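Structures are listed in the sections that come next.
Both complexes shown next keep subunit A, but they swap its partner, so subunit B is in the first and subunit C is in the second.
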Partner chain A sequence: MSGRALSYLLAAGALLALTALAFAVGRYPVSLGEIAALLFSKVTGSPHSLPANVETVVLQVRGPRVLAALVVGAALAAAGTAYQGMFRNPLVSPDILGVSTGAALGAVLGIFFSQGVFVIQMLAFAGGLAAVGLVYWIGSRLRGHDPLLALVLTGVVIGTLLGSAIALLKYLADPYNQLPAITYWLLGSLASISPRDLSVAAPLALLGLAPMLMLRWRMNLLALPDDEARALGVDTRKLRTVVVAAATLMTAAAVAVSGIIGWVGLLIPHAARLLVGPDFGRLLPLAMLLGAAFLLAVDTLCRTIAPIEVPPGVLTALIGTPFFLWLFALARRSW
Partner chain B sequence: MLKVESLAFGFPGRTVGRDVSFELAAGEVMCVLGPNGGGKTTLFRTVLGLLEKHSGSITLDGRPIESLSRAGIARLIGYVPQGHSGYFAYTVLDFVLMGRTAHLGIFSAPSAKDHGVALRALESLGMAHLAERPVTEISGGERQLALVARALAQEPRLLVLDEPTASLDFGNQVRVLERMAALGRTGISILFSSHDPDHAFLCAERALLLAEGRALEIGAPREVIRADTMQRLYGVSVQVVALAAGGHTCLPSLNGR
Partner chain C sequence: MKYGFVLFFFSSVCFSQAPVVDATGREIRPPAKVERVYAAGPPAGLLVFAIAPDKLTGWTREMRPNEAQFFDDKYARLPELGRLTGRGNTANVEVILRARTDLIVDVGSTGATLASLAAQVQEQTKIPYALFDGRMEATPAALRSIGKLMGDEPTAQNLAAWYEGQLKDVKQRVARASYHPLVYYGRGSAGLQTGGRGSINVEILDFLGARNAAAEARAGLVTVSFEQVILWDPEVIITTDPNYWASVWTDPRWRAVKAVAAKRVYLSPHLPFGWFDFPPGANRLLGLWWAGKLLYPREFGVDLRAKVSEFHRLFYHREPTGAQLDALLDEPGVLPK
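Let's look at the complex of A and B:
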């Protein structure tokens, strides 16, 4: 019991420390004292004597980016947690039903037709929802199979189809203007997220989180074989539909503003499960804390370790792969 | 409690069995015997409403099964499936608590009262000491008993057990049979399948012989379990021996000797 409490405490502490650090480091270093003074003046409304640059850097440059990392990291981790339970498989990520590929196709279409940032984000969001909607519609019509298997297989083939559409668009795109933008989007980035982007994405992600929080105990039954869950009184088809809709909403909202950032939704739920066990109600908050902390750490590294920005999708994989293997080797018990 | 009339059952587009009729009164214990692939599991899944029946009727407590919700069925029937190991590492107690689902609101978690029901179910099977162990780390036999405990936590009126003794050692087999007989005496109806005709002799009031999806015979075990019916069911020759101490047993003869 105390082990669990310790896990939450450590995760929350790490998140807090990382957040302070993320505000402090960068091309224009800000001291922790300055951050504290600024925070104090904002909370109390009293004036401060800090240079104007400090306020600009903290509130306008780093603020949205830090918030974006927290929201996107928590959303991807929550969606991954829900899916790993529902698909009874610890190797599942939020992308399994094609939300990221659909979002990517939407964004690539937007770039290909030279649309503005907002339209590209809307297309990405809609593309993510549409891809999962299509997969779910086809998968639930393949009767006489295990419903989960039908969903996963449909997700894989539709994902491949959308992937080739993306490849075609990349092939046709203008190699000087559009192709770099497409590649940049596909690698993910939190660099250019504005407060307005966040004000749309964060409520959508929260909307997806609400049913997961309310159904947190019942979610556990989805981790049982379908027959067993139904015999225990769960309408698994309805519950699965709600979970898929919620997880898709969260992921699509995140991916639409950040591009594709892999590994968070796969690695973090797994690490959280090793710490507090599979009970969804205990798992979800920890996974969200860890997801937020992980992506914030990665993004902070992305903008500080090299003279140019490193794409977070590359770093999450570089950190994620050895970390995952280490976790797996360390794990005494099975999933 | 349970009434099945001229039931045809199977998978979508493929009928596995037909013309099965039987009734199960409150507290009655019935054993379904039949060869592998004879349709026992499919019959059980249909009775539980997990597979749609093809024709005929299933009545639970006087109500047709199609009029009941999933939770409504779960409050009447507890299901003990054939065990497997692909679970996440829930503790045994959390696992058994899942049996309370049908008694809970859709957004609720189990209360202290539900914990009490789950713990009593574990105690009644002598498993209380395993409550905090992960269900992935106990033996196959213990996991089978955890499934029984989960079904008991449903507080059902009918318990359907699909080969509950299949993965158990001899001692645990006897314990599960004793437990089923005891539950029958408390008024819970029991429908279970087994590969061992002796299990029907030991604890069932009636046996249903299921071959190729049809009910060959239904009746008291010592009336329907005979050399000729066992030959038809399993294709091997057996002797049914009356024991001096009372009861019967089925003794196979190898190579017809």
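Let's look at the complex of A and C:
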């Protein structure tokens, strides 16, 4: 068996084991037998004799949260992988074109105007799309520069502008009520994920994933300079637009339900690249597996180690950094 | 004798009044005549306004129309001066100076950050800056000290005595209760933020002897998971968020909690100042009566409308109209149907 296949297999195995573990642990005690009995009764349609709260916890609370961690982790890792390939830059994260900042501004506006959870999520999603739309529109109109550089710079500049709008709203917000809510949103959390959130976010993320999967072999050409790619018969401009739209859709859907969770989109693609090399077609599935497993592991810790929730953004870096350095020291592969 | 009289007269005009020791242990010497007081945060503004409304130079933020309706126009229209507390200053020291401020008062946390801020601003502006403890039990003492600093001792004394009587009455009623329900305070639009043991956000629960479901969490605001709330299984939920209150009845996850099944989820009134949690000032006295009624219906057989009217008359200087009382108490979720 090649090392590459082993990487996929190990990652998939780890993900499966983690998912089973994540279902089995939590603040509310549910045994593996109860979960099995519940799933069996749901699949066969036969009634079960479990307490009603067990069903609520597994199907309404823990289940959606586990799935959301998988979806968000995979989406952030996929978007990061696509951007790092496209921008030919290992320091790029899904946020480079302002999607998270735009989503944050949308969510903060929702909190500022005392809206409910659903409206806040919709505003975050719309804010993410709008921010990248704006960046792309301006960036592609700045002629006379390298198109990628123009895009990145516009992303940074607009991101800063949106960031100061967020700061202004924080400053104006009610310090007893809205300011803590804004702070918690910006810290990110999967604590309040509902089945409905998942049923909206997961299809949107899949919708973004589809073009990436279909174009995965052509994605490598984006790493070539524009004229070389064109000589090979690829319209890089069009391809780039599709990739940006797909990655934005995925990230915006994820961030709208989870808030901002850093690290995953930046460093999981590196971890995957260390394992299977830079070819996008091989990289994308592994990055998604790793991203999903990583965020699931982190979120499981977040909800189990204390009676109160730990923000995932804190743990992603705390756990991720040593893991990444270990992987980096182990692998001898060049970019 | 003659000289003595002259000396007495002289001293009372030229020298400042007797110093008052604030919560940080600093001796505050106000000028002989305090006419204009700047309140550094909403809880302080409320007490200064209650003692002498015409001496308050402004609110920390402009009143919104739904808040202004409870006050006389000239008070509702006082300028916005910003806040000057550890957490996000929005006040400009020059604005405070331009308002010809005689005294700065803050009420709330008395930790080292705020104490040093008070000392620093006083040093900078030469305006005496007094800081007092904002907890419920400390409110009568804060009223007395602020009254002394402002030269309005009799009024402040009356308010303090009345407030003390209210707290005592509440305590006696709580002492008669035989069962203390388990209560969860749900904040934020998802209801998953709460206050841990000893947190100022749930001071009303502690004062009422209710068992705080989140007592095992650390003090201050925390986020908790659904599973944890289901595990605590509170009998009563109190919230300050109308969106959250509306969502518990349709969200299947909340149905697993006893309080929701028993329809004991209540929404705190928030006008003109919140009753339950914020701002953490004297306004929460109404929250004590309201939550007391919800948690111990038998012991708290008081007329809430009368309590609201009395508090408004004493602290806001205007009784609410019948329509305003209806609007406050008939909002869905405020009282059991």
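To be clear about the criterion, the second predicted complex is superposed on the first by the 319 of 335 C-alpha atoms of A that agree within 3 Å, B and C clash if a C-alpha of one lies under 4 Å from a C-alpha of the other, contacts with A are read in each partner's own complex, and residues count from 1 in each chain.
We adopt the following convention: a residue touches a chain if its C-beta (ideal position, glycine included) is under 8 Å from a C-beta of that chain, and two chains touch if they have at least 3 such contacts.
In this text the structure is predicted, and so the values were computed from the model without any measurement.
Peer 1: Mind working out whether A:56 is in touch with subunit B, subunit C, both or neither, as first, second, both or neither?
Peer 2: second
Peer 1: Does subunit B (first) or subunit C (second) touch A:74, or do both, or does neither?
Peer 2: Neither partner.
Peer 1: After superposition on the shared chain, which partner residues are touched by A:144: those of subunit B (first), subunit C (second), both, or neither?
Peer 2: Once the two structures are laid over each other on A, A:144 reaches subunit B alone.
Peer 1: Is A:281 in contact with subunit B, with subunit C, with both, or with neither (first, second, both, neither)?
Peer 2: A:281 sits against subunit B, while subunit C stays out of touch.
Peer 1: Applying the touch criterion given at the start, work out whether A:26 contacts subunit B, subunit C, both or neither, answering first, second, both or neither.
Peer 2: second
Peer 1: Across the two complexes, find the residues of subunit A that touch subunit B and also touch subunit C.
Peer 2: The answer is that subunit A has no such residue.
Peer 1: Which of the residues in subunit C end up touching subunit A in this complex?
Peer 2: Answer in residue numbers: 83, 87-88, 90, 187-190, 192-193, 196, 214, 216-218, 221-228, 230-231, 240, 242-244, 246-247, 251-253, 255-256, 274, 277-280.
Peer 1: If you look only at subunit B, which of its residues touch subunit A in the complex?
Peer 2: 11-13, 45, 48, 50, 69-71, 73-75, 77-79, 81, 84, 86-91, 94, 98-99, 101-102, 104, 106-110, 134, 136-137, 150, 154
Peer 1: Would you mind writing out the residues of subunit A in touch with subunit B in their complex?
Peer 2: Residue positions touching the partner: 85, 88, 143-144, 214-218, 220-221, 223-225, 227-228, 230-235, 273, 277-279, 281, 333-335.
Peer 1: Residue numbers of subunit A touching subunit C in their complex, please.
Peer 2: Residue list for subunit A touching subunit C: 26-28, 52-53, 56-57, 60-62, 111, 114-117, 120, 170-171, 174-177, 179-181, 184, 189, 191-192, 194, 303, 307-309, 311.
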